[in-house]
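Alright, structures below, take your time with them.
Across the two complexes that follow, subunit A remains constant while its partner is subunit B and subsequently subunit C.
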Partner chain A sequence: MKSLLATLALTTALTVPGIAMARPVTLTTTLNAYGGDGAYLAFYVTDASDAYVGSLWMAGGKSKYYKHLGDWSRATGGDTAQVNGITGASVGAGRTLEITLELADALFDAGYTLHVDAAVEDMRDSPNEVAVPLTTDGAGTPVRGRRYIASFAYDM
Partner chain B sequence: MKHTLTILAATTALTAAIGVPAWSAIQSPDDAHLRPFAAVFEESAKSLPLILASDDDDNRGHRKSWWLRFGDDDDDDDDDDDDDDDDRGGKNPAPAGTVAPPQNGLFENGAAPKVQVN
Partner chain C sequence: MIRALHRWPGLLALALVTILGLSGAALSVFPAAERLSAPQSEAGLTVATLAERILVAYPGVEQIRRSPSGRITAYWFDQGTPGAAVIDPATGEGVASADPNQTLRWLTNLHRSLFLGDGGRIAMAAGALAMLVLSLSGAALVARRTGGWRHWFAPLRGPLAGRLHVEIARVAVIGLVLSSTTALWMTASTFDLLPDGGAAPAFPTEVSGETGFALDQMAILRQTPVAELRELSFPYPGDATDVFALKTDRGTGYIDQGSGALLAWGDLTGWERVSETIYMLHTGQGAATLGLVLGLMALGVPAMGATGVLVWLAGRRRRPRIRGNQPAGRAETILLVGSEGGSTWGFAATLHAALSQAGQSVHVGPMSGFAPDRYTRAERIILLTATYGDGAAPASAKGFLDRLNASEHAPDIPLAVLGFGDRSFPAYCAFAKAVAATAQAKGWPELLPLDTINRQSPQDFARWGRALGEALGIPLELSHQPVLPKTKTLTLVSRRDYGAEVQAPTAILRFALPQVSLWQRLTGSGFARFTAGDLIGILPEGSAVSRLYSLASARRDGFIEIVVKKHPGGLASSQLTALEPGQTVTAFLRRNPGFHPGRGRAPLILIGAGTGIGPLAGFVRGNARGRAIHLFFGMRHPDSDFFYNEEITAWQEEGRLTGLVTAVSRGARPRYVQDALRGEATQVADLIRNGARVMVCGGRDMAAGVTDALAEILAPAGLTPAVLKTEGRYVEDVY
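Moving on, here comes the complex of A and B:
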């Protein structure tokens, strides 16, 4: 009995910090019916001093077009290693992209900002299409993008 | 007399056509609403999207801009090595699910994002 309690205490102690350090977050992005082909979208995070921290997702697999995602490209130097393993297809007009990922708790309420750059074939580039501070209060609040994104929200 | 008038009219028209834009371009208007022609032309050019002509047009009888090749997955000749190194943009990133996400401190547990398009 004593060893069972000790085991339980140990597993609890090991599990709780893990739960506290990460949470599942869903990024929901709905595009306008802008009448063009699939949009390239770069999701990335900057810190309180506006310095690039890292990328969360890249919609669009051909790196030769990444220069049209202006702010992301400048921040990363177009380094494709930043989006290795987190790259998928471009997103069609009027479609909704849902990305669910385990994000570090430390990102919330600590001055971090989530950005989305967008670019569409034969249409204007839209760097910083969306920029939302990562806060627990801001979760679930949809915001509108500047050109291609009808609605963006993160939910926890 | 008629001949002289014709020459005068022609030279006046030429002067107006060439001189007015040139004169306008070198003037610095005090009034912000009065912009030289050059500024108007420059501004219109800036407001247009940049479209670069492709240098590898084929013989299909139409021109394709650089951007028209964007996301054109069913184009057989747009790129010989889409999945490999590309001299115009470097190596394409590894698609999700093929390698672990980058260790940038954002992804806890190294779990790859789950993605759905509706």
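Moving on, here comes the complex of A and C:
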């Protein structure tokens, strides 16, 4: 179990100057027992027109493998500055990652989508493993990923 | 210095390099197994055809991958459930599970990180660095030991552990250098220290917006053979803005799903190519045979670790503690030691003890610590030094000659030099001689002339000790036993006497085999395993100093046989030649691997005089396979000291001995064995040119005469005895 309080990097568009306009959000990601090494996971947000807005978290420390997180890599051009200061360890099969961060109120119920890309060494890359709309009603509802994520939920 | 660079990384990283070697060897099997088990695609198959076949079998296909072994894997979604399989390219159907091999994964993680993440990766990289340092320093040591890089595969002598260590090393070192350098490169790449990440071309911003272009009509896929494919990713179903992504050996590109056009392409960068080649060389993925060879070489690592530790322990055991060592500034006698393996330290300790007992204050130290300014009270300096390889300084004498050469004048303290060596090597005591010559040239006063000790002979050492005692005016008895061997009691079975008429009473003594323990039998130690040419040490009654004799029999002959000539006043030879059947002597076995005929089929030229016939007769007796053996035998008179006369006739009839030439030194026309050689010069030269091996056994003068005669005989063929010696084709057992 991992509990992290992340401070978003100042460069991301998701940063909120005033604390009154933000709320703490906890992302809980549980992986299934896929029988491989630790998974790299990229958490990021796109807007209603599917344009990349910013990254929330990167699980996995070696930037040379980021190209396997296909959609994130395509959206950011593989720019590691997008995840500076919001990078942690990769997540083992069957383990749970819990991240708590301050997210702007404006991100909710405004057509934004939270995506998770996943990749495991010597196994199939899984871009867009999870894509959930950020809504106040959707909070706390777990969803299943395509390959590696057994359940993902955001709680406020 | 090099030795220290080899020893300490070796001992410190022993566990790491052992794990690396064993796991690496195990991992090397996988690429070969995958290559053998993967269904290979037919020649000329294009990616277009393959992709079409797979799409028919698995309509939800997302990605097709080809590994360097040729194995093709497809990943798909079928009604929301992910699936994967190894594909037979002929049909497009799945034939085996694509799940990762858990053993492979476990071994890989052990090999690269000890299951410890980045910290473990750094530890294993340190292990790889240690392996590289060990390989390079070890290679330098092998070259020094064999006398240069050109003699890399020269035959070795010495204890088994040391020989095994070098035998494995000189084959495996090339693989270990390759594996460790590639490992370091891969670690650097993993930690982003190399600019080899590569850049995919920018994702196309404009696409046709159409979907459904037939795979087998796409030009780029029709042009790309499956052999070059790495990955083909399909667009998301229903997303018209997505594209096909293709990775090949040459680069990466995007293909429009509505038009089949190549929208963007980027070649692999030079760095990427280098890193991929290095990955292939390290893992064997895409080079399975090389991988297996490297894996086999990696198996040498634990073996070299074990033998290396044995060599180190043996060296430590051989170097004794010196009790009551005086500081250099207060000692009257300065004793400096040049030792490689440590045995010369043992002699120094004996000398130190004897001199101290005689009331002297003695300082013992390595020759590399030579500091004449500190020897303020010294009255004499004694150097005991071995020689390394082809005349180089042994480890503890490094820099001595440089320092002496650099000094303006030699110390004004009388000097004695004693060299330690083995006469069967071409550069016998060469370093001691070089030191003595330099000292003389520098005008260093002499206490005693240069003397030498052959094969750690306690007799030579005792004799030199008496000379030293005379020079110092004190009685000095040096009784040095290099290693205390396990002795056995041998019972005489029979004796045959010769030579009384020529004033050289000699006996061929045959002893019964002693009982050997189960442990000795298992390990082949002691009298459990010996062969003609090995030595037995006889401990005469009333003396702690042993005398070595060459064995004329092998274990399988069922007896122990030696040829002993009675020396006037010789303690051991007198007792031995007086022995009657049923009486016993105390003896131990010492192996002498440098004087074995070997297993080959190359002809042997055996040259011996007097009692030197012993081991040579043993070789002939053991020659059941009919290898060509030519024996040159020098004696005084055929009626008196023709040892083994009767057997030799029988051995010739049985085909064990091809030719016999005798030389008789007494009578009307005295002839020595070297004269006999010259008489057969043509035949001898022919034999040697055709690979024959020369083995000489007997007295020092005879051996020198034989060397001269051979030098003459071989000169027309452009060969010299020295060259034969370095090739291991000319060996001597001289006393």
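Basically, the second predicted complex is superposed on the first by the 136 of 156 C-alpha atoms of A that agree within 3 Å, B and C clash if a C-alpha of one lies under 4 Å from a C-alpha of the other, contacts with A are read in each partner's own complex, and residues count from 1 in each chain.
We take it that contacts are C-beta pairs under 8 Å (C-beta built on N, C-alpha and C of every residue); 3 or more make two chains touch, one makes a residue touch a chain.
These figures come from a predicted structure and were not determined experimentally.
**Student:** Considering only touches as defined above, state whether A:74 meets subunit B (first), subunit C (second), both or neither.
**Tutor:** A:74: touches subunit C, not subunit B.
**Student:** Touching A:130 in the superposition: subunit B (first), subunit C (second), both, neither?
**Tutor:** The answer is neither, since A:130 touches no partner chain.
**Student:** After lining up the shared chain so the two structures overlap, which partner does A:85 touch, if you call subunit B first and subunit C second: first, second, both or neither?
**Tutor:** first
**Student:** Examine A:95 and indicate which partner it touches, taking first as subunit B and second as subunit C; both and neither are also allowed.
**Tutor:** In the superposed model, A:95 contacts subunit B only, not subunit C.
**Student:** With both structures fitted on chain A, tell me whether subunit B or subunit C touches more of subunit A's residues.
**Tutor:** B
**Student:** Is A:104 touching the first partner subunit B, the second partner subunit C, both, or neither of them?
**Tutor:** Once the two structures are laid over each other on A, A:104 reaches subunit B alone.
**Student:** Regarding the shared-chain residue A:118, is it in contact with subunit B (first), subunit C (second), both, or neither?
**Tutor:** The answer is neither, since A:118 touches no partner chain.
**Student:** With the two structures laid over each other on chain A, which partner does A:37 touch: subunit B (first), subunit C (second), both, or neither?
**Tutor:** The answer is both, since A:37 touches subunit B and subunit C.
**Student:** If we overlay the two complexes on their shared chain A, which of subunit B and subunit C does A:147 touch? Say first, second, both or neither.
**Tutor:** second
**Student:** Between subunit B (first) and subunit C (second), which does A:53 come into contact with in this model arrangement: first, second, both, or neither?
**Tutor:** Touch partner of A:53: subunit B, not subunit C.
**Student:** Which residues of subunit A are in contact with subunit B in one complex and with subunit C in the other?
**Tutor:** 37, 61-64, 67, 78, 89, 122-124.
**Student:** Quick check: in the complex, which residue numbers of subunit B touch subunit A?
**Tutor:** Spelled out, the residues of subunit B in touch with subunit A are 49, 51, 65, 67-68, 70-72, 79, 82, 86, 88-102, 104-109, 111-118.
**Student:** Could you please specify the touching residues of subunit A with respect to subunit B in the complex?
**Tutor:** Touch residues, subunit A against subunit B: 18, 21-22, 37-38, 40, 45, 53-58, 60-67, 78, 80-92, 95-104, 107, 120-124.
**Student:** Over in the complex, which subunit C residues touch subunit A? Could you list them?
**Tutor:** The touching residues are 62-63, 75, 77, 82, 84, 99-100, 102, 105, 109, 117-118, 189-192, 197-200, 202-203, 233, 236.
**Student:** Which subunit A residues qualify as touching subunit C in the complex?
**Tutor:** 35-37, 61-64, 67, 70, 73-74, 77-78, 89, 122-125, 128, 146-147
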